[in-house]
Structures are given as structure tokens and as C-alpha cells.
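Pasting the structures in now, so scroll down.
Two complexes come next, and they have one chain in common, chain A, joined by chain B in the first and chain C in the second.
And then the complex of A and B:
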């Protein structure tokens, strides 16, 4: 008992910081959502009645879903290659996966603006090679947001899958091959099922992080790809509408919690968020 | 509800920074303006209960420095009272809190008509003394009993001719004509100055824009944006709109005339044009808080000083916000004259921003506008 108390004492400073600077403000936000401008659920009825809010939520979930799928596809191939083939260059490849973590999302998003613009590198290269005659629109729309978001989120998909794949004993696949399975069949029926926990973990991580994304859509969306966090900023900055802004953030929090709740039935959450790397 | 467009004010700060760096203000030199003023010491000998200083509050940054150096020094030369500029941002809420708490530190505030109406209703600002301030030295309609115009800007149709080989847009109807004028357009992430453009594109006369924009009219204007939205990139800050033109992302758009003023300099000759045809002209306003420390007369004198057409022209050349005094139009350097939204020729082409309409309709219109654009 005494020992337990000691551990709690050790955790106390961190806990205090969390309560004072995170839990307490969040509770205040909840409070604002039901007290401003008047006490009651007005903000929530307004939110549910608003078509713009609905569109923004649908947009947010769609972008998060597509980002997740793209990250899983690209990330799976990458993780598979790193863990099974690239034995000598593994540190280098891992380094390249981790490198973007050291550059801020803001800088990376601006880099995409330079690349994807109407007179950006991609369009210039395509025009120079004669593939297209006039610039194509790959920025200031949903496509631009998706490209940049997949780039930002890719490491979050790769790392859990990589951890998972490295723990897989290759004797199972060898045994399957020895018993006459084709390479494809051995992968599909023996290897792939073992990687599913990593896939789910990576997917969940990317999806949940994407739901709250702000900078990238705001910079690359041309103002029309307004995901929910940008919508919240807009309500508060443009209209000083703290009540509705707070209600929207509560809704986003609840939606994210629901996603985790449902996912919890399929994925080991503890493993996903606590036992990385 | 705070109605003043704080974004525009902070935008001026950025513009001022660029102007300052490019040396335009010092090159043209307020020294010459000072000299001109020195010859006409309008109020210099007037005996006053001397206030130790006059505090003018605006929205911060380099715009504050320019205000202090240009208008502040001119006032000091006239009255001997030094001017200090506070860039804290005199929102209606702050002014109200200050007056009601009895601790007023600002003498003159850079506000807007919408905010001024709010502050007047709250009873926290003074009547303008039109024995000192000249109601004829401002744009018509901006001499309110409790506030008076200080400078002017517009939301104007701008375009890049090199991206429009088939011809350039002359009217808002052209902007909505995607077949004849292909290319991306940019509009503000707010209805301010934007719904008017849609109304004009529908053939509404510019005098009738705000009567047209009743509930049905707003819906019709919003529908125009919905129809055009695949060709729209939205700008949030003035810097956004500037970047969109600089990077060739848009062929045309509805942007601040102050940003257009900068783009004229920054872009290659022939790649940027702006017209005041169908633009929306919006004035800024001076207000004087009740019980201001330097006293009513000192504050009114400052406002009167700022009406000086030479100073107004200097102010325009420095930051691109245009003289509220129509007489300043002819003092604006000839090469910049066509960029002045408040010259008689340009005023005749424009819609005058209607604060009452915004007070009544803006919030509901913004919701519909965003709904039409996103997704």
C-alpha cells in the first residue's frame, strides 16, 4: 500500500500539470458550450441545425478516412520492405521514416505549397516533359490536402506496423512454403493475418490524429476544405462565437471518443497507444 | 457583437511594415509635409489648457509608427502637445470597459462605423465637435454625430491579364462568366464586400445593392457563390490574397485595395490590374471616448489635424489606405492617383459599404456563405 502511494507521489507533478493545464481548461470549454451566450443547449441545437457544420463534419471524416487508407497502403509496403528485405539499409530507411518528425508540420505544409502550386515544381516538371500543356490543379482543393496529410501521417502508420512485423517469426512463412504454398498464398494466408494488429493500430492512430488536423487543410485547402478544427477557429476568431466554437470542439471530442470506443472492440488500444516502438 | 473588421486593421500593419522596409515613407519624407505645415500653423497659437500628451489608439505594429510620425508629429508641431500612439486595438469592448471603469487612457481611437454605433448606444463615446472638426472634409456620409471618417479602403476587382489571354474582366458579371474568362477566382472568407459583388453580377444597380440584399436577395447572392465555387479559392488574411496573385494561383479576385496597391509594385508590369468599377468602399472612423484624459478639445483638434489633405495624401502613399478627405485626391502623387478609392471618379464607380446592413444581416449571411463554399 505504502509503495503504491510512493508511485502516486512520483506521478503527482505530471498529474497536476495535466489537471491544471489540460483537464481544467477542457472542462471550462464544456462549460462555455452550455453557458454562452445564454445558459442551455442552444449552441448544440444550432450546431445540429447547421448545414455548414454537417458538411464540415462529413468532410473531416472523409479526409481522415482517405488519409488513413492511403497511409496504410503506402505504409504497409514500406514497413514490409524494411522488415523483410532491406537488412543492410534498415537504419537508413528507418531514419528516412523518422526524419519528417523533426520538421514542423507548418514547414512541411509550406513545402507542399512550393511543390504543388500552379507554377510549382510538379506542374513545371510535368509541363517541361510535355505530359500536360497547362497546369493542373493539385492544390487549393481536397486533393492537395490529402497529398500533404498522407505525407505528414505516414510515419504514424509505418511505425506500429513495423514494430508488429519485426515481431513475426519467419518460420511460419517458411513452413507454409515448405508445405507447398505459393509465395502469394503464404503471404496472404500466413503472413498477412499476423500483421493485422499492426495495421489496425496504425490505421487508428492516423485516423484519430487526422480528425483534429488544422494547419495542413487550412494552408492547402484553398479555404474551401474547411475541416472541423478550422471551422472552430473561424467561429471564434471571426465572430467571437465562443459558445458555438466550444460546442463544436465538444462534438469533435465525442466523435473521436466514439471512434476509439468502437475501435476498442477490434484493436488492443493499450498496445496501440502505450507500447510503441 | 463586435462588428469592426479587426482583420483589416491588422492587415494595415503588415502593409505598413512592407512600405516601411521599401523606404517609401522616408523617401517621400514627412519632412516635406512638416515643412508645408510649418508654413500654415493653423492652431499653433491657440491657448489651451495644456494636456501633457494625447494618446491615439489604433491596431498596432508599423501602422502605429506611421500614425505617430506622420499625424502625431504634425499635431505636435501645431499644438505643442506630443502624441503617443497605443497599438492595443480599441475594440468596442475595450473602450466600453475603459469608460465604464472610469480609467480612460485613450483620447482618440481608430474604429469603424459599426463599432461606433455600438459604442454610441452604450453611451461611451463623445459627440464630435463640428465647430473644430470640418464635416465637409470627409467622404459624404461619414460625418456621424459621434464618429467621423479617418481613412478609406475598398474591396476591388483585381486581375492578372497574362492569365486571361481571351480578355480581361470589367464587371462582376464577367467574373461569374467562367466560359469567357476561365481561371481561378479569389474571394474573402467573409461576406464583407463580397455579397455586393454577387448582387452587381446579377445586374442590380449599385445604388440598390443593399435594398436588394434582403433575405431573398441574400439567398440569391449566396446561390451565385455556390454556382461558382469550383472556381473559387478563398482568402483569409490580406497576405493570403496577395500571395494568391503573386504565385499565379488566381486569375482574378475581390481583394483589399490596399493589397492591390502593393501588388502593383510587386508584380511584373502588365501582370496586375485593379478596377474600382463595382468595388465596395469602406471608411474607417475616429471616435473619442467619454472623459478622455487630454480633454475634448485636444482630441477634436487632433482629428481636425488629420483632415489636412497633405497629410492624408502622405498617409496614402505610406500605407495605401486612402484619404477620407476628398480634397486630398488631387494631392495624391499622379502615378498613384488611380489607386485612390476616394477620388471623385473612383467613388462614383463604387458601392458604399452599409454598416447598418451588416449589423442586421452579417451573422446569418456568413453562415450561409460558408455553407455555400465548403465541401
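And then the complex of A and C:
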């Protein structure tokens, strides 16, 4: 009993901060969603009837899905290379994967604006080489948002896969090849199935983070690609529509919870979020 | 000698300045149980990996009956490999694991299930066919790995320290089983180990490696009784080393002078020694007696009792410390610390070694 008390005492400061600054405000938002501007479920009926909201939700899920797939494809190859071909540059490659974590998302997003803008480096370079004559639009649209999001999210995909792959002994593939399987077949039938837990973990992490992502889509989208979190900001900042904004937040939270609930049937969530690295 | 099933010629493998293999020549006979024995870093695992096709040689070649296979990928060589960590595919059941090499070879479904059942019977694991590998103990997993390797009837089975992850008792049981399996199937086994007892108890032939070179090869009792070098004498079992002067008698017999005595020795290895020579002497070949009963006088320093035998450290004025493995039963003398004893040995107990 005494030990249990100690346990809670130790957790108390952090718990108090979470309750006061996170859980209480979230509960308030739930409250606002059913009280502003009038008591009832008006906000939710408006939300479900709104075409703009539906478009934004579809867009959010689509961008999150494409980002996840791209991150998994690029990340898998990278993680495979780092974990299977040990060379002198392996520590450097690992460092490069972790490096973005030390640079603010804001800075990285602005960097993409410099690169992708109308007179950004990419367009200038393409015009200079004569490949195009006038600037192409690679920003303030879905493509720009996707490019920057894949970049920001990539480490979250790579790290779980890397952890997973580094735990796979090379004797499995060797055994398979000794038993007669070609290199490709050994990869496909013996190695790849063992990496699926890492792929699911990385994919889930990226997908869930992408659903509620704000900074990068807002900057690269330039108000034209409105994902749900930006839509919420808009409702509150521009229209002071706290009720609908709150209702949308609740909807996003529920959607994310549903994703986790469904994913929990396939992935060990505890492992994904608690035992990484 | 019949055609070897596999030959390694002038094999050299370097990693930077390090020579993992340094000019190795090896012939493997069909059906033999060959053990590559050596300390870690001796090149034994590299040699196995070269044979399997995972490690390309820096120079030299590997030949099978069909010709040079140096450039053939592992899957085309038809040798199966068993690993220390078992390497059972964790996403497949036991039966699927054993079926894998057959599936790769596109056997018919019925043939596969017949052969899988047969192989699981062979290692007495039939009742575990539908389990996942993670549900089995280490010893059971290694049996499945064996069944999987044998299922496609490979020409050669390569075993990379397959028993070293198991506890002592289980290891001893599996040694008997492996040996029985080898005798029954007639498949060529190439076995890598650093455990000299394992090598002695199972092999038809042992190849001792050190620093990427073959030190000596031969049948276990030959190697044990007639080591050529100090390394082999001390790596395979225990040895005392005695500095002596070897003289050739008029009748061609060899005599060694050491400790103020002269005694006959045999040159079984044809090392043609003379002059200052180091002699290897096995602890169990030394007789202990009462003072004056044997050739040399000494004093017991320490005793370690092991049950069926005891290890006795005897101090001798010239030889220094002599290790004697003394029976604890049917003996005239029971050594104890500070007791004065005499010791000696029969002809042939001292083996002249090549000078390093």
C-alpha cells in the first residue's frame, strides 16, 4: 500500500500539470462544442451537413495516407540500408536521420518555402537549365504540402523500422539462401515478414501525427490546402466560431482514436509508442 | 583416396591487413564428419562461410565435383547450414520451416508433406509440427533446424557451433544424436566448434586452425596422442611441456635428455627432431609413485579432486610445475599436499614437437 502511495506521489507533479493544462482544457473544449453559441448538438449537425468540412476531412485523411505510404517506402529502403550494410558511414547516416529533430519544424517548413516558391531555388534551377520556361506550381498546393510533410515525418517512419531491422539476425537470410532461396526470395519470404511489425509501427506513428499536423500544411498549403487542424484555426481566429471549432476538434480526436482502435487490432500499440528506440 | 566431395585450394581471405584465412588447403571426403576446431579468430567460421558461399575469397578457390564453385551463390551450392542461433523463420510454423527448402525446389504438395513428416520423425519432433518456433526450447529448435537442413538431402551439412547456445547436459545428449544421425544418413558433416571435447567425441577427422592456417589435421586420437606443435598440444587437451635435448642412437632410436635422465622417445609424426626439443606430455600419462619408485622426484603442491580423477600439481626442481591427472581408484599412492613423490612415464608418452 505504502509503495503504491509512493508511486502516485512520484507521478503527481506531472499528472497535475497534465490535468490543469491539458485534460481540463480538452474537457472544456468538449463543453464548448455543445454550449456555444447555444446548448445542444447544433455544432455537430452543422459540421456533418457542411460540404467544406467533409472536403477538409477527406483531404486530411488523403494527405496523411499518401504521406504515410511515401514515408514507409523511402524509410524502408533507408532503414534497410543502414541496418544491413555496416560501413564507416553508418553512424553518420544514423545521425542524419536524427538531425532533423534538433531543428524546429517551423524552420524546416520555411526552408521548403524558399526551395519550392515561385522564384524558389527549384524553379530557378529548372528555368536556368531550360527544362521549363515559366515557374511551375510546387507550393501552395497538395504536392508542396506532401513534399514537406514527407520530409518532416520521415524520421518517425525510419526509427521504428530501424529498431526492428537491427533486431533481425542476418542468419535468417543466410539460412534461407543455404536452403536454396535466391537473394530476392529470401528477402521476400523470410526477411520482409519479420519487418512488418516495424512497418506497422512506423506507419501508424506517421499517420496519426499527420492527421493533426498544423504548421507544415498551413505554411506550404498557403490557405489553399486546408487540412482539418488549419480549418479549426480558421474557424476560431477568423470567424470566432468557437462552437464549430471545438466540435471539429472533438471530431478529429475521435477520428484519431478510431484509427488507433482499429490499428490496435493489428499492431502492438504499447510497443509502438512506449518501447521505441 | 577417393575423389574429395569438396576441396579448398590456397584459400586466402583478408580484411584490410588482417588475414582471416592464410593459404588454406582442405579436402573433404564424402560422408565424413569433419570438424574445424580453433579458438575464436582462428578462421574456422570464415572457412565455413567460404564453403557455404557467403564469403568471397580474396584469392584461391573452392571446388566441388562439378568443378570450381568459388563464384556460385550459396543457394546454388546445395549445402545446408545450421546456425548457433538456430535461425528458424519466426513467421512460419515448424512444419513450414522444414518444408521451406522443398517449397523453394517446387516439390509437389504431397511429396513435401510426406518428407516433412519423415524429417520431423527423424529428430523426434513430429508432435510439434504446428507450433511456432518461439514456443520451443533451444534444444527443440535446434532439432527442427537440423530437420529443415536435412529435408532436401543436401550434399554437405555445414554446422556453425550448433550446440554452443545449449546447456551442458543437453549439449551432451545432442552430441550423441548428431553422431547417430550422421552415421545413419551418411551425409557429409562439416562442423565448426571451439569446444575441443565436442570435436574429439564426434569427429572422424579434426582440422585444427589457428591464425588463419591449418595447424594439423587427423583422426581425433591421432591428434590427441601425436600433436605436432605446442599450439595443438595445449589447445587439444592439456599438456606439460618439457625442454630436452634429443639424441639419435646408433640403432636409429631417439633418446631425450632432461632432468638429469635419459629416456627413449618416439617420433611418430616424422618431425625428424634432434638437438634442443620441446616435449609434450599428457597429464594422464604420468605415473605417480612413492619416492624412489619412478625416474623423477618431486613434491606435491596442490590437489584438485574431480571425482573419477584428481589433478595433482607436482613441483620438480628442473621442470617446474608438472600437472598430473591421477586416478582416484585402484592406485598405490594417494597424493596429498607437501608429500614427496616420484613420477615417470612409459615409452611414447613424450611427444617431440616442432620448434616454433
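As a convention for this text, the second predicted complex is superposed on the first by the 275 of 277 C-alpha atoms of A that agree within 3 Å, B and C clash if a C-alpha of one lies under 4 Å from a C-alpha of the other, contacts with A are read in each partner's own complex, and residues count from 1 in each chain.
In this text, a residue touches a chain if its C-beta (ideal position, glycine included) is under 8 Å from a C-beta of that chain, and two chains touch if they have at least 3 such contacts.
For clarity, every value in this text was computed on a predicted model and none was experimentally measured.
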Touching partner for A:234 - first (chain B), second (chain C), both, neither: first
Touch count on chain A, higher of chain B and chain C: B
Touching partner for A:117 - first (chain B), second (chain C), both, neither: first
Which superposed partner A:169 touches (first chain B, second chain C, both, neither): second
First, second, both or neither for A:194, with chain B first and chain C second: second
Contacts of A:77 with chain B and chain C, given as first, second, both or neither: neither
Touching partner for A:183 - first (chain B), second (chain C), both, neither: second
Which of chain B and chain C A:224 touches, first, second, both or neither: first
In the complex, chain A residues that touch chain C: 169, 171-172, 174-183, 185-186, 189-190, 193-194
Interfacial residue positions of chain B with respect to chain A in the complex: 1-2, 184, 189-190, 229, 232-236, 247-249, 363, 366-367, 370-371, 373-375
Chain A contact footprint on chain C (complex, rising order): 52-54, 73-75, 78-81, 83, 85, 87, 89-91, 100-101, 104-105, 145, 148-149, 152, 158
For the chain A and chain B complex, residues of the former touching the latter: 50-52, 55-56, 58-59, 117-119, 137, 139-140, 218, 222-226, 231, 234, 238-240
